[in-house]
Each structure stands twice: as C-alpha cells, then as structure tokens.
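Right after this note come the structures.
In the two complexes that follow, chain A is the common piece, with chain B as its partner first and chain C second.
Take a look at the complex of A and B:
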C-alpha cells in the first residue's frame, strides 16, 4: 500500500544559464513541430529555416557560457557544463546545422515528410547535447537512446525504397542489441561500485582498484559502444545502413551520431574509469587496442575494393573510427603506466580528431550530394572527368579526400599528427605496436582516397553533357564552411589544438 | 602485467561459462528427453488451441491506436506517484508535471492534426 505521508523534496537549485543551450534546442523542436502542423504541405519545407535559426540560436548561450569561464555542476555532479562539454555541444550543433544545409534541397525535392525530418534531427541533436554533459550512467544511457531512436527513423526516410527500409531495420536491430549489452555492463558496474554517478565510480575504483568483474563489465559496455561507433568486428551494419539511408542522413550518422557514441565512450571510460589516478585503465585499454587495430585494418582493406563512393566513405569512416580509438587506447596505456598528464593530452587528441573528422567527412558527403544531383548515382565511375565538367567541385572533393588521407597541409594531417604524438608519448611496446599498425594503415588509405581523385582528373567524362552542375545555395554554404575549416585548421592547427587543450 | 592477465581471464571465463551454460541446458535436455516425433508437435504453439488458419490481414490502424494507447498509459504511470505526493512536491512538482503533460499534448495535437484519429 502507498503510505499517506507526503514526501517533501527540496526544490533543486536550477542553473538556467547552464541549461540554456539544451532549452533552446527543445524550444526549436517544439516550434518546428507546431509550424509543420500549421503550415500547408507546400510550405512545410520552411521548417528547415526554423531548425537552422534555432541551431544557430543555441550557439549563443554556449558562447556566453564559455565567456563566463567557470565549470557548472548540476544535480550533484550528474550534469556538468565545463569546457569539454561546451566544445562538444558546439561541435554537435554545428554538425547538425551543416546537415540541415545538406538536407534542405534534398528533402524539399523528394517525396518526404519535411517537418518531421527536421524535428527528428533536432531531437537527436538534443540527445547529443545532453550526452556531452552527462556524468551519470543513467543520464548517459538516456542521452544515448535520445540520439539513436530518431536516427532509426531517419534512416528509413526514403519510405518507398527497399534499401532505405533495410537500412533502418538493420540499424534499429543493431542499436537495440548494443543497448542491451551496454546496459548489462552498466548493471554490473553498479553492482560492483554501488554508484551510478561517474565521479563516485571513479572514487570507488581509485580506492579499491579493479576487480575481475569490472573487466567483464567494461568488456560488455565497450562492445555495446563498439556497435554504436561501428568499430570492427561490430561494423557490418554500417555500409548497408549508410548506402540505404538518404545521403544527408548518412552524413549525419557518420559524423554526429558516431561522435555521440565516442563522447559516451569518453565520458564513461575517462570520467568513470580513469580519473583521478588512472589505476582502473587496465580494465579497458586492451579492448580499445584490439578494436582500434581491427577497425583501421579491416576498414581500410575493404574500402580498397569499393566501387560505390558512399560505401567507400562508410568503410573509410570505420577506419577513421579506428584511428580515433588509437589515442584513446594510448591514453589508457599512459594512465595504467602512471602518467595521467600524458593521458589527458591523448584524450584531447581524440577530441581534436573528432572535430576535424567531422568537418572533412561532412564536406565529402556534401560534394557527393552535389554530384548526385546531376548524375543520380553514387558510383565512383560517375566521378569520371568531373574536373572538366565542374572544376570547382573536383578541387573541393580533392581537398576533402586528401584531408581524410592525411596529406599536409589540410586538417586531416593535424589529426593524424596528434594521434601519433599520443602514441609516442605513451611510449610502451604496446603503444608503439599500435602506432606501427596505424602508420601502415595511413599508407593503405592513400590508395582508395586517391581513386576518386584519379577518376576526376584522368578519366574522360562518360557523357557529352557539359552543362554545369547547379549547386543550390545551402549546399554551397555547407561546402564553403567545411572546406574553409579543413584548409584553415590545416594551416593554423592551433585553433583546434587550443580547443582540445581546454577540454582536458 | 600478471594482474592484467588475471583480469582478462575473468572475461574469458565469463564468455566460456555463457556458452557452457547454454550448451549444457540444451545438451542435458537432449539426453534426458524421450524422442517421439509426431506431426502435431510441429504446429505453431498457440497456448493449446489450434492456430488460426487466417493469414493475418490486420488493419494497420489498430497498430496506431495501440501505440497511442501505450504513450498515454505510460503517462499515467508517471502521473500516479506524482498525484500521491502533490502537496509535498509543491509548485515545483506542478510546473514539472505541467511541462511533461504539455509535451505529451503536443504529441496528441500532432496526431490529431495529421488525421490519424479519424477512422476512415
């Protein structure tokens, strides 16, 4: 029976400023949904403008929070707004903004539900924004589901296309499986430590050291996350989902959604099982080591054989995920060795890599969408002679691919540089071995990134049609934005290096 | 390093135990059970009654109604404990619950406006 006695709870002190970015996102979500209901069908594409304005609006409180300069703890430290969280919130919001730019004409011209598209995109972004601040297993899990569930629907957005339906169902089933594994791991963590808050878990770990059950729990959680970030051997859903989903959604999945998984991984592993002294790092770095090595190698080798550029970019994103895991594993190695300072530097390398990867991958997908507007194809052969038809697009695509390969002086080069620096800092045999695997893979990657470039320059165009490719303004803005980030960060890497340093 | 191997030994033992348990359950059952194959045993199990001969042509609208029902059912689950403690929670609780209900009502408005509540 319920007791009649009333429970008095203290009204929690609420820091509205700290919550402002999330609240702006929620308000935008509501406005988009209501606008979609009120506008006639012909006009409903205008919800994209509302979403875009709302996303830019959410950047304003982030700027003021950065300016105010001190870390904010809410709900007894379960929700933290510090530089790390703010940097990632800004990244997620800008990545979504670029996705909206990519989607506007794609969604407007196709037979899609328009308002819902932007609504779902915003819900997922809201989840990411919460994720960046979550320091508690429960809010972390809720944030991860908020990220994932809308993306399952987005993947099936080409309703009448079988491939798109397959993409969504595969993504959904894998998503549920990974959530189940992750929850199992989390429940074991709770069982051992008796805490869900990451700082409490960290305190327990530094006091008691790891027990074998923690290794089991971490193994299960990490496998769950490995599905989310499509690390080998849990990657098999990624190429099919990426190919079947609408291309702007693919761009979103491969950048924002993947980054969401990585941030979850950083939060749980670094804030829960590393701080304050790195004693618990032994329980997770070997798993990350194996995942990194497999993802890089298999992702690259399979990418070599692709003839479809979206599939190639899908495998490339698997491989890039592997590269991102390298400094992560290095941080664990350094931490277990007793060098928390070096580990923090390695973690900032993960964040820098994530930011740079976001810019160059979104850019590459923007060009794929632009080219597909004319050719209606994503085969690499459809890039034959692009240099003659659209020299501007060919140059930009060349820049993105070169950056993904890590050619100096584009941003991707700096990402690779911080990755190898983290390896050298960690310095143990295991770290060096991983570094060698990463170096070999960086060379392999050149071959498949070079193939579209070769097709664009040296192959003759397959059609006689020489009419220029018309790029709508939003798409042009997205390409301009990403290419300028890739070029500027390549020349002045200090911009992102500073962000990475502030974060840790 | 030895400490480290011992930890990962636990993972190996865990995985092995998982496979062994499933294997043992199926294997022991296979050894113990009598094997008398009959056609009836291959019919889909429907709690004892014969499975319906219908090849399920369900109206998809039931599905939408079921979904809506679940949403508002869950809403009730959240509102009950709040209603029991309304006085203790005070204004803060009231505002929080209003926000929650408002978001759900927005969902209802969406469904209504998209015409999903019409049985046509």
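Take a look at the complex of A and C:
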C-alpha cells in the first residue's frame, strides 16, 4: 500500500516556451511521416520541403528565447536553456537545413525512401537539440542515442549497395559498443556520487576530489565519447562509414552528428567533471591530451594517402576532431593549474571551432555532391581541370579547402587561432607541447587539402567534355550559404566570436 | 587629423583588393580592360604611397605616422592598427612601386596558360598582403597579411610556373606555413606572457616593443624568440631553411620571381627588425651570435651554390641566399649601423635582384632556355639587354656608386663593433668570412655575365631573331635602373629615413658601453623638441 504521506510526486513546472524549438521539431517529424503516407510515391519528395520549412520554423522560438534574454533552468537544472544551448540548437538546426538542401536532388534522383529519410534526419536533429540542453547523465545518454540510432539507418540508405550496408553495420556495432562503455562509466559515476545531475556530480567531485573509481568511470565514458567523435584510436569506423553512406548523410555525420558528440563531451566534461573549481581536471586531461595528439597526427598522416575525396574528408574530419579536442586538454590543464577562467575561454574555443568547422565542411561536401553529379566519381583525379570546366565551383571548393587548412582570410584561420590561443593560454610545458604538435599538424594538413586544389587548378581536364555542371537550386543555395559564412567570418570573426562567448 | 592621414594607409592596402573584385566582374575575354584596370589600380595604390611619402614628417621618422587604430576582433583583443615609420616607409614604397612595374612588364609577357584575368587578380591580392604586412602594427593583423601572400604565390608558381611547378609550389607553401604556424604560437605566447604596464595583455606591436619583454623569464624569451626566428628565417630564407627558395624561384613565372625576390623575402627580415628584436631584446642578444653564424654560412654557401648552377634563374636565386645573408648579418650585429645597412640592403636587393629576374625572364622569353651552357653572346644579339645585365651584375656585386654597395659594405663594417655586448672577436671573424663572400659574389656574378653576355652566340641561336629590349620592358626597367643609380649616389635618401627609427626603436636596447655610436645624433621621441630641428631630407 502506498503511503500518501511519504510519496509525493510533484508535477514539475513546464516551460512551454523553453521547449518550443524541440516541439516544433517533433511536430515537423510527425507531419513528414504522415505526409509521406498520404502523398503518392512520385510526389513524396515534397516531404523535403516540409522538413525544410519545419527546421526554419524551429529557429523562430530560438530567436524569441534569445530575445527574452534570461536563462531557463528546468527540472532542477537537469535541462537548461541558456544562450549556449540556444546557439548550439540553432547551429544544429541550420546544419540539418543545409543537409536537407544537399539531399533534395540526391535523394529524389536515387532509389531511396524519401519521407523516411527526412524523418530520420529530423529525429537525429531533435536528439541534438535535446543534447544542447542536457545537464543530466540520463538525458545526455538518451539524447546521444536519439542522435545516433537514426544515423545507423541513414548510413545504409543506399540499400542495394554493399558498401553502404557495410557502412551502416559497422557504424551500428561500434555505436552500440561505445554506448555500452559510456553507460558503464556513467553507472559507476552514479554509484560513487549518487547523482545523475551534472551539477551534483561536480559538487561531489569538488568536495571529495577524484577517487580512483571515478577516474575509471571518467575514463570509460570518455572512451565512449571518443568513439562518437571518432577520435583516434577509436576512429576506424569513420572512413568506411563515410565512404559507404550516401554523401549528404556523410556530410551530416561528419558535421552535425560529430558536433552532437562534441557537445555531449563539453557538457559532461565541463559541467560535470570540471566545475566549480577544476581541481578534478588532473585525472582526465591526460586522456584528452593523448586523444587530441593522436587524432590530429594519425588522421592527418592517413589522409595524406587517400585518393578518394570522401575518404580524405573523413580522415580530415578525424584530424579536425583532434584540433577540437585540443582546447579540452587546455581547459583541463588550466583547471588543474587553478585557472578556471582560462578553462572557460578554452571551452568557448571548442564551440567556435565547431561552428566554423560545420560551415566549411558542409560546404566542401556540397561541392563534392555537385561535382559527383557530373563525374559520378569521388576520386580526387576526377577533379582534374575542374577550373576549366566550372571555374566558380573550383574557386568555391578552393575556399573551403583553404579554410579547412586554416589559411586567412577564410573562417578556418580563426578556428585554428582560438584553438592555439587556448593551448598557449594554459601555458604549461604539456600545453606548449600539444600546441607544437597542433602547429606541425596544421602544416601537414595543408598538403592533402592542397591535392584537390592542385588537381582542379594545376592539372588539365582528363575529358574533352566541356558541358557545364548543372547545379540544382537547393544545392546552389547550400553552397552560397556556407561560402558566405566562411568568407564573412574569415574577414570579421567578431560576428562568430560572440556566439562562442555566451556560455562559459 | 585630416582625411588623408587617417585613410591613406588603409587605401594603400585595400585599393588592390577593390581592384581584384572589379577584375572578377570583367569577362575573361576583355583582356585589355583587365590589364588597364589592374594598371590603374596599382597606379592609384602607388599614388597614395607617394602621397604618404610626401606628407611624411621626416623630422620624426621614429614616430609612427598616419596611424589608425580601430577595434577589429574584440574578443581576442586584436586591433586594426596600421601606421608607418622610417622603417616601414621604404619597404612600403618598394612594394607598391615594384608591383606597378610588374604589371607593366607582364603586359605582353603572360606565361602559359595565359589567362591574364586570374594572374592579375592574384597579383593584386599579393599586393594586399605585401603592403599590409609593412603597415600592420598589430601582431594578429601582421600575421594575417603575412599569410595572405601565400595562396596567390602558390597559384602563381603552380599554374604559370615551369615544368617542376607543382613540387616547387607546394614546397614553398609548406615551408612558409610551417614557419608561420610557429610564429603564431610565439605571438600568442607574447600576448599571454608579456604584461605591458598599464595596458595588460595586448597584440599591439608598439606597446609590446615598449615593454621589451618585461616580466619574461629569460628561458621563455629564448623559446618565444625561437618560434619567431623559425617563422622569419624561413621567409628570408636563412641557411638551413633556404631549400624552398631555389625551387620556387626557378619554377615561378618572371613576375612571380621578381615579387618573391623583391618583396616577399623582405617580409622575413622586416619581421626581425620590427618584431623579434624590439619585442624580445634580451633573447635577441642570446640568439644574435647564432643568427650571425647562419648568416655567414648563408653568404658562403649561397655563393658556392651559385658557382655550381647551370640555370641562370637558379643562380640568381642562390645569390639571393647570399645577399639576404648580408642583410641578416647586419641585423645580427644589433647596432643602429648594421640594421640601417640591413634595411638599405633589403631595398637594394629588391631592386637589383628583381631586375636580374626580369632580365632572366626576357632571356628565357627570347632563347627559350636559361641553361648557361647554351647561352652566350647576348651583347651581340641584344646589346641593350646585355648592357643592362652587366649593369645589374655590377650593382649586385656591390660596386661602389650603385645601390648594392650600401647594403653590403656597411653590413660587413658593422660587424666590427657589434652592439648588445656581443663578442667582438666572434663578429670580427664573421666580418672576415663575409668579406670573402663579397669576393665570391664578384666571382659568380661575373661568371654569369661572361656566360650569358660575352662571347659569340651558340650555333643553335646564331640565326635566331632575338628581340632587344621592348618598349614595355623599357618602361618597367628604367625606373628601377634609375633608382639603383640614385640610391648608389645618394644613399642618404634611405638612411635619413631609417636612421632615427632604427636607433630609437630597434637598436636602442642594445646600446652598450663598448659600442662606438656611429650615428651620434640620435633624436628619439622622448625629446620631441630635438626632433623638430632635424634637417629635412633634401629634395622632398
């Protein structure tokens, strides 16, 4: 018999405004699914328009929330809607919107399930949106799985293609393994601290320091996240999956889904293991230091050997992930050194890097898709002489690649800059060493980013065919959007810098 | 502050960028329009540079003038701070001057695959980077401009270059990128480690120079200087980092070689004078003997390298290694005298070696080869070009009365009495070695002259129709030749401008008891009244 006196279930106050972006996404998901049922098969591509409108619609409540100005803590601080969360929600939604633009013609022209494609994309985005706000181990985990599970299916979307099937299965198995490790780590954390809310865990840690079991738990959950963000040595699924999956899905995986993993990492590392004073950072920064150094170096060295541009971009995204891990290590070093302020700056460097990386990588994939419409190939050699066939496309691709390499005046330089800034700010010998590794790597990186550039501009076309490449409107819009972000942010980084400063 | 003072430098930097945007809008077929717009753009840029030359207050050369300081990226505390003083002014003038001549020279000389539109757009972007580097007074701004020159030059070599262009272009890019990555780390370290009194952390070069590394442990200074050193030394290039240069020069199209030699190399030496020495004087003292050592190795190695070459352009490229060795030797003495000589050497080398590359380009254009063993008798077939080559060879080997002399001779002389308590015997040893280098320089230049210009044409070219200097070539070359003579006869044109600035900004921390001040009448801004009495430079 329940005792009415002791069990008291309070209904938490529900802030509809705070949930509005997520609710718009859910509504769009439902509409897409229903529309796909009702529309005849040849009309079902219209679901892409619904998805696109829904995504843009979700930006409206984000704008009103930004305008309303104050942070909203829901469920005792387990779900937070602050400027940091809003900025990332907006980023995820825009990144998905660009993915939809990339997909429209690709999916319409291929033999694919159309409605389901956009539905899965939206579910994953919904997970990301939740992720940005999660400050609790359980919702963090649920959000991460909501991001991942649809992408397992999306990776196999070229259903008659064995490579695509392999891509999906590999991704699925690795995903499950990493979830298991992470969950095990989380359960240990709960066992020791008795809390799932990140702020409670942080409070425990600052009081008791890092007990050995927590160090093990942290290690396990960090390894789990390392799989998600494809950090070396947990990266081996990424190239096969990227190459096998449909190219728009690859773009989505390498940007939005990867960013989801990074946001999870920011949340758990910074809000859970770090705050309020960073003393516990000693036990986890070496892990991230090693992951960062390995990812940068190995990702780059293997990328040097690639002849397929999608595989090259896959390894490049492993390396870029390494660059994004650098500020984590910097934050840990600074925190352990007793400088929480520096750590906060380092975390905002991660966010800035993520946003810029998103724009330039999506742009590069957009061009890959545009070129593949003509050549039906992703070999770097198929870019030979693109400059003569489609000078505009060649220049834009050059801009994206130069930006990824970190050449000014394109946005990538600022991303690299804030990364270097964070690590030099931390200032210890270990930090400087990582900085030098990063510097050397950014030079190696240029070598392979330059290869498509050289193919496009220095080589003569291999075919006599000079018909121009027809770029469908949505793809054109995606390219225009990303290239303008890359150029504007590159010249006046102040516009992006504000976004990264919101949270920490 | 009037309109001109606050806008001149910004315009000098960004007019080429505007020109590049306009060029992008002109269809590729309208080549004449493209060339005219480019010429107009570079002339307008030069016009504003001349405007600054005229309005520059030569009584206060050590003070930054035409200064603009606006917030640019608040979040990292970086400013859009541009200004010129006596050190940057000659370099800025050289840069905008040479660019115009390059446009004129390339008028009908576009190398394969032609495409003047793309070529000239790259040229203009290059000018943005070059002019910008010489006026930037903020480390981040400096870094950005320093990097901007990379891509255009990469494409210039890679698209319009010789047979081995791909290798050369990527080698050029990777070397420089490596240097600038370490340089950026050093800039950031300067930002975080140096606490400028009353200001705190800053990227401002002026403020950092004033702080002069205050509060930095010596070992940290050495490390940061090391990063700067690698960044700048690769660009110069100094001895062990020079291997990209011969390849890049040999493969680059003529205009690319000229700009590379005349301007891009100077970004490195300028960085030493403007950033490394004044901001980290203590580390500079410890590094100077090593810099001096690498310089003299460069002088001898470059000269010997020249003697081993079979390609005219490659020979001139190696001579750059030697000449930049003299420049760096002057800098490594840490004396006003030596650094003045270095700046003079930079301008002189820019003019003379630029000119030599022009001639090498025209020889290649006429003969279709630069192989020294196949050339000969230029004086017979194209006497004017032959004489110009002879003239430039003389200027390059440091003949008194021509510009080269004033870069080389004072640099060697300054090693007699190095500043900053550096070891005299060591630097006097360097002096002897450098002096031997000047003899070798005469050797290889005369050898090249003999191979190319003297004798009779080889049978394969005996009946070839060789164009002597064309109108476009005259237009591009005469101003350089006149300047080589003018600077040779009146070296004070430059020394008057640089002297105070160098004495007050770069060399001031190194004045030691043992140094005999060679320019005793230094007027630093600390005594503004004294500065007013400085004699105005004649003829301006």
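One rule holds for everything that comes next: the second predicted complex is superposed on the first by the 496 of 504 C-alpha atoms of A that agree within 3 Å, B and C clash if a C-alpha of one lies under 4 Å from a C-alpha of the other, contacts with A are read in each partner's own complex, and residues count from 1 in each chain.
The criterion applied here is as follows: a residue touches a chain if its C-beta (ideal position, glycine included) is under 8 Å from a C-beta of that chain, and two chains touch if they have at least 3 such contacts.
All values reported here derive from a predicted model rather than from experimental measurement.
Enquirer: For the three-chain arrangement built by superposition, which of chain B and chain C touches the greater number of chain A residues?
Expert: Counted on chain A, the partner with more touching residues turns out to be C.
Enquirer: Given the touch rule stated above, what does A:286 touch, chain B (first), chain C (second), both, or neither?
Expert: first
Enquirer: After lining up the shared chain so the two structures overlap, which partner does A:304 touch, if you call chain B first and chain C second: first, second, both or neither?
Expert: It touches nothing on chain B or chain C.
Enquirer: For A:176, is the partner it touches chain B (first), chain C (second), both, or none of the two (neither)?
Expert: neither
Enquirer: After the superposition on A, what does A:440 contact: first (chain B), second (chain C), both or neither?
Expert: second
Enquirer: Touch test for A:215: chain B only (first), chain C only (second), both, or neither?
Expert: first
Enquirer: Contacts for A:33 in the overlay, against chain B (first) and chain C (second): which applies, first, second, both or neither?
Expert: The first partner, chain B, only.
Enquirer: Applying the document's definition of touch, where does A:66 land relative to chain B and chain C: first, second, both, or neither?
Expert: neither
Enquirer: After overlaying the two complexes on chain A, where does the chain B footprint on chain A coincide with the chain C footprint?
Expert: Residues common to the chain A contacts of chain C and of chain B do not exist here, since the sets are disjoint.
Enquirer: Under the stated contact criterion, what part of chain C meets chain A in this complex?
Expert: 72-76, 140, 143-144, 147-148, 150-151, 154-155, 158-159, 165-166, 169-170, 173-174, 177-178, 181-182, 184-185, 188-189, 191-193, 223
Enquirer: In the complex, go through chain A and note every residue touching chain B.
Expert: Those residues of chain A that touch chain B are 2, 6-9, 11, 30, 33-34, 37, 210, 212-216, 219, 282-283, 286, 336.
Enquirer: Tell me, which parts of chain B touch chain A in their complex?
Expert: Within the complex, chain B touches chain A at residues 3-4, 6-11, 14, 84-85, 87-92, 103, 106, 109-110, 113-114.
Enquirer: Under the definition above, what is the set of chain A residues touching chain C in their complex?
Expert: These residues of chain A touch chain C: 402, 407-409, 413-414, 417-418, 420-421, 424-425, 427, 432, 435-436, 439-440, 442-443, 446-447, 450, 454, 457-458, 492-494, 497-498, 500-501.
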